[in-house]
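There are two complexes below, and they share chain A, which is joined by chain B in the first and by chain C in the second.
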Partner chain A sequence: MLSASRENLTVRLGYILRRFLFLVFVMWTAATVLFLIPRMSRVNPIRERFNALARSTGYAPKDLESIIASYELKFGLDKPLPQQYVDYMASVLRGDLGVSLMSYPKPVAELIGEALPWTIGLLGVTTVLTFLIGTVIGALAGWPRSPKWIKGMVPPLMILAAIPPVILALLLVYFIGFRLKLLPMGGAFSAGLTKEFSLPFILDVLSHAILPAFSLILGSAGFWALGMRGMGITIQGEDYVNFAEHKGLKPGRIFYWYYVRNAILPQVTSLALAFGGIISAGVLVESVYGFPGIGSTLSAAILANDYFVIYGIGYITVVAVAVSMLVVDLLYPLLDPRIRYDRK
Partner chain B sequence: MTSAVLQVSDLRVTYYTDSGRTRAVDGVNLTLYAGERLGLVGESGCGKSTMALALMRMIKPPGRIESGSAIVGDETDNVDMLKLNEEQVLQARLSRIAYIPQGAMNSLNPVMRIGVQMIDAIQAHRPKATKTEMREQAEAALESVELKRGVFHMYAHELSGGMKQRVCIAIGILLSPKVIIADEPTSALDVVVQRQVMETICKVQEKIGATVILIGHDMGLMCQITNRVAVMYAGKLVELSTVREMFTNPMHPYAKALIASLPNLDNKGVFRGIPGLAPSLLKLPSGCVFHPRCQYAMDVCKTTMPQQSVTKSGRYVYCHLYDKDGNQVSGTPLIKPEAVTN
Partner chain C sequence: MAIALQSTIGGPSQRTLILRYLRRNKSLAVGLIILIFLLVFSIGGSFVVDTEKLAYPLAVAPLQPPGAEFPLGTDKDGRDLLAVMIRGILLTGAIGVIAGTIGIVVGVVLGFVAGYFGGPFDLVVRWVTEVLLTIPGLILLIIIAGTIVDKNQVSVLTMAAVTSVLAWVGPTRVVRAQVLTMKERTFVSIAKLSGMGNMEIIFKELMPNMLPFLVAAFVGQVMGAIYASFGLEILGLGPAREPTIGMTIRWATFHSAMFNQWWWWLLWPVLAMVLIFASLSLINVGLDEVANPRIRRTE
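Showing the complex of A and B:
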């Protein structure tokens, strides 16, 4: 018994190690791709930046070429490619993703570091809430004993899900923020407040988060509900659910242990993917509400041709997806014993 | 004299589908005694599972139990499954009457350990039992179906088909029910395991003194194990006899054709089927449902449903060839099994 469990432990540790190495591999690949793209494309980020500046301000520096040359020297772009690659990788390892052109000389990592907590706070929380609300409604809607009104909730949710979250966000801002003035129309906190860990500040942040959160929840709960209902209807016809009834179990027991526990498995994978995608998912909604998260940073960077920020956000998006997949791969065998650590 | 532990009378189940009404069980009467083993045979779709599910009160829409009673238990302690309220039905399932499902391969929850699924069942009926008691009871049940106690800690995917089937049987007997229904318990298993599983069912049944209904297509396997055989045709129980009587002297023309279709050494190589097709339950023939395929059919068979005949030895048959005491009506052709006359 003891030796068996010890063996089990080695298998598990081996699996975790392998998955971890895979994560490192994904991060390295992503970094390499991000290294190669700007160097393979004809677009010179610095030149583009100055051109954009010239277009918007009408001011074109006379000695543009020499300015660009001096920037390239500063970023080491004059060195041979292998040397650049080694330097680049070393800086990525140090967490250095370059500097922003838009808010020079602020490092990209710092820019992301400021925006990320807001995005995780808003999108992380809404993703969990949406998952819970949608999954519960879907599970109940697929269960034959549920009252009719619960089954009736899925179609309206689907209609809401069919409306792009931006439109939903605009509607909510207009009616609740602008017309009824019930909630702030945008931003993450009221101007004049200092960022501090105090009750009034937290309440202020929450009141600002309600509308964006609602747009995100209303916009995607329907997908979770539909997925769970579909899976639930399949599971509810399974022999093991029938056999549970033959055993004389109470409906509540069957609902959770035989029905939900099995139907939820694919939802968990989707949840991990949704977590990985929160950065891209928030772009439009964050912009509508002027919410200072990664999404807003990204759209600002795109508008300003701030390539290094775009690359940096691209990089952490890949990392976020890879990390969520790692987490799900590690947790999944706990949820479904058929998936084992020692199998691919 | 052993007492009756299952009395089914006038059981009727209908499925209301878009294409019409299917009378899947149509006026079945049946009495089973303690310690008895009944084989229930009939073509696919004739209503065997539906009858079993009706006894468990597990018919779901679009199906409906139209009428009948199903009294489970002896004179001193019995219930009518079809008259209990919902709460009582939950209590009666498994503790009085157990169903071992047709699809044992998928009847175990993949994400719960076998032991937990067994304790689940005990707890639903004996909420006061302690953890150790329940565990002991579950492991003993596993042992009685010739599984190791260690199966308690395993998951369904770690078991073979035969082991899963045994686990289902172990769950079925956990609470020593008076009636056990095993629906094609072996159809997905190879012949050797089939036999072992059947023997396990019998052993366990003797131990707890239950009556067993074995549903299946395989007359051969069935007859080696059961005491009596019931033949179902298009929702009706057309004949119920002891195994010996059924094989040497079947009364109903359909039962006779079934026996004759069994391979044996005399008719080796000759494949005998029953001419014609089983009727669609949606559009049943008038009169006796078997008449379009019956070689003894008379005019009365086309218009009038036959009544139940009961012989002195307790056989039931539904056929115009017999009067109500089961004597052959004079002038009708005598029925003998082909295999014997050949």
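Showing the complex of A and C:
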């Protein structure tokens, strides 16, 4: 008995270690790719930045080449490639993502840190809401006793899910923000309000977040509904559901404890993965609404040729997804006792 | 032979059978109808409207609302939006089809080699696809498009090339998984025993059985590539000189078309995008039913 549980423990530790190594591997690959891509290209970020400045201000410094050379010295771009790689990896490990070129000398990590709470606030809430709405509709739509109108909700949700949330965002801005003037069309709070923890400010932020949130929810509730409905239909054919029906259990009890309880497992996995993806999921919608999250930072960085910010955002999205995958892998055996740690 | 005989006897013809199937598989039918409408509009329109000229800046009077002369209106830079829509749907479709084709070809080759022969190559393919699945696709494409490509020289072909960087991952996984389950089946063993070569087995035995999966994967990748290129275009990394649907939306939002009451500039491309995505996803759902008869509707 004792030896069995000890064996179980080693298997479990081995599994956790394997998943953890995969996480490290993914993060290392991502960092390496982010190191190699800019060095494969002929575009010099610093030269691009100065050229853009020269175009917009009409002022081109005469000693541009030497300015660029001194910046390259500062960023260590004059050293041999292997040395650069080692330095780069060391700085990534320290959490140092370089400095932003568009708001120099602000560190990239700080710029991302300012945008992240907005993105996490918006996407965190919409992800949970979408999960709840989609899963409930999906569960009811797959349940034979539910009314017809719930089943009829699935095809429209499916078509909405196929349309990028950005498109829905544009339509909502036009009809609700512009035509009906019901809600603000963009930004995160009204101009003139100071950022403070007061009721009017919070209400203002919420009213600005409704349209972006609604376009994200509308655009992805269908995925959750489809997933839940598909799982639910599969489960209805299972022996234990038939057995429960023949035992004469009440439909409500079967619905919650036999049907939803089992069908929801893959949904929970997807939810954890969706949390990993929240940094990148709303990028386009945010940039359409000018919502001051990661998406707007990213699109501003693209416009300003701020390569270090682009790489920094790329890196943290990968880390977020990889970490959430690890969490899923570790949690799943707890949720579903049928899954064992060893995959034999 | 048997099929030919049947039809001479007077059984339902192939066409009737297809139509009958489409009546049952409604999503495939509706998706195909929208797709045919888009094709007729864009290909047919190219013969009626001079899109080479009218879909580009300074061709017509700017900012004309829809009317008798310009049915869909014109934009701020003097493009005729009817011509833009005709050419834009073609170009947007071309990006998707090129990237989807590259994705499916690479995916089939990698998936078959990895799944059929196994070994260290399989290991590498599995790891690379698994790592790539971790990296959010749009972010990776933004980094590639934003750094390797010169922003002012982006063409429709560049967009197709950039989006195809990730278009092979999905097909590779689907094909590999299918090959793994199929190669243990009896019909493959019999083919081996009867002296068929590996290549012959792959092309004559496995490939035909996978056709529905391949078509569904292709449609999925076309949709993915259009979505990815649209994302890049919205963020300003698209082909600035070409009137694709995504670029039109980009220009309309960039010039705040909505705030300035130029609703037509934004409405038509948004409508085109909705139709493109609705049609492809309906076709995909319909094909899924062809590929997995187990989920066929029974009611």
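Keep in mind that, in the parts below, the second predicted complex is superposed on the first by the 305 of 344 C-alpha atoms of A that agree within 3 Å, B and C clash if a C-alpha of one lies under 4 Å from a C-alpha of the other, contacts with A are read in each partner's own complex, and residues count from 1 in each chain.
Note that a residue touches a chain if its C-beta (ideal position, glycine included) is under 8 Å from a C-beta of that chain, and two chains touch if they have at least 3 such contacts.
Small disclaimer: the values here were computed from a predicted structure and weren't measured.
Student: Could you look at A:Ser280 and tell me whether it touches chain B, chain C, both or neither (first, second, both, neither)?
Tutor: After superposing on A, A:Ser280 lies in contact with chain C but is clear of chain B.
Student: Taking the superposition as given, does A:Tyr240 touch the first partner, chain B, the second, chain C, both, or neither?
Tutor: First partner only, chain B.
Student: Applying the document's definition of touch, where does A:Gly248 land relative to chain B and chain C: first, second, both, or neither?
Tutor: A:Gly248: touches chain B, not chain C.
Student: Give one of first, second, both or neither to describe whether A:Ala115 is in contact with chain B, with chain C, with both, or with none.
Tutor: After superposition on chain A, A:Ala115 lies in contact with neither partner.
Student: Let me test your reading of the model: by the given contact rule, A:Met325 touches which partner, first (chain B), second (chain C), both or neither?
Tutor: Touch status of A:Met325: second partner only.
Student: For A:Gly314, is the partner it touches chain B (first), chain C (second), both, or none of the two (neither)?
Tutor: In the superposed model, A:Gly314 contacts chain C only, not chain B.
Student: If you count the residues of chain A that each partner touches, which comes out higher, chain B or chain C?
Tutor: Touching more residues of chain A than the other partner does is C.
Student: Would you pull the chain C residues touching chain A in the complex into a rising list?
Tutor: Contacts found on chain C: 130-131, 134-136, 138-140, 142-144, 146-148, 150, 223, 227, 230-231, 234-237, 249, 253, 258-259, 263, 266-267, 270, 273-274, 277-278, 280-282, 285.
Student: Any idea which chain A residues touch chain B in the complex?
Tutor: The contact residues of chain A facing chain B are 144, 238-240, 242-250, 253, 257-258, 261-262, 265, 335-338.
Student: Would you mind writing out the residues of chain B in touch with chain A in their complex?
Tutor: Where chain B meets chain A, its residues are 56, 58, 60, 89-95, 98-99, 101, 103-112, 120-121, 124-125, 155, 157, 168, 171.
Student: Could you list, by residue number, the parts of chain A that touch chain C in their complex?
Tutor: Against chain C, the touching part of chain A is residues 22, 25-26, 29-30, 33-34, 37-38, 40-41, 43, 45, 158-159, 161-164, 166-167, 170-171, 173-174, 178, 185, 277, 279-280, 283-284, 287-288, 298-299, 302-303, 307, 310-311, 313-314, 317-318, 321-322, 325.
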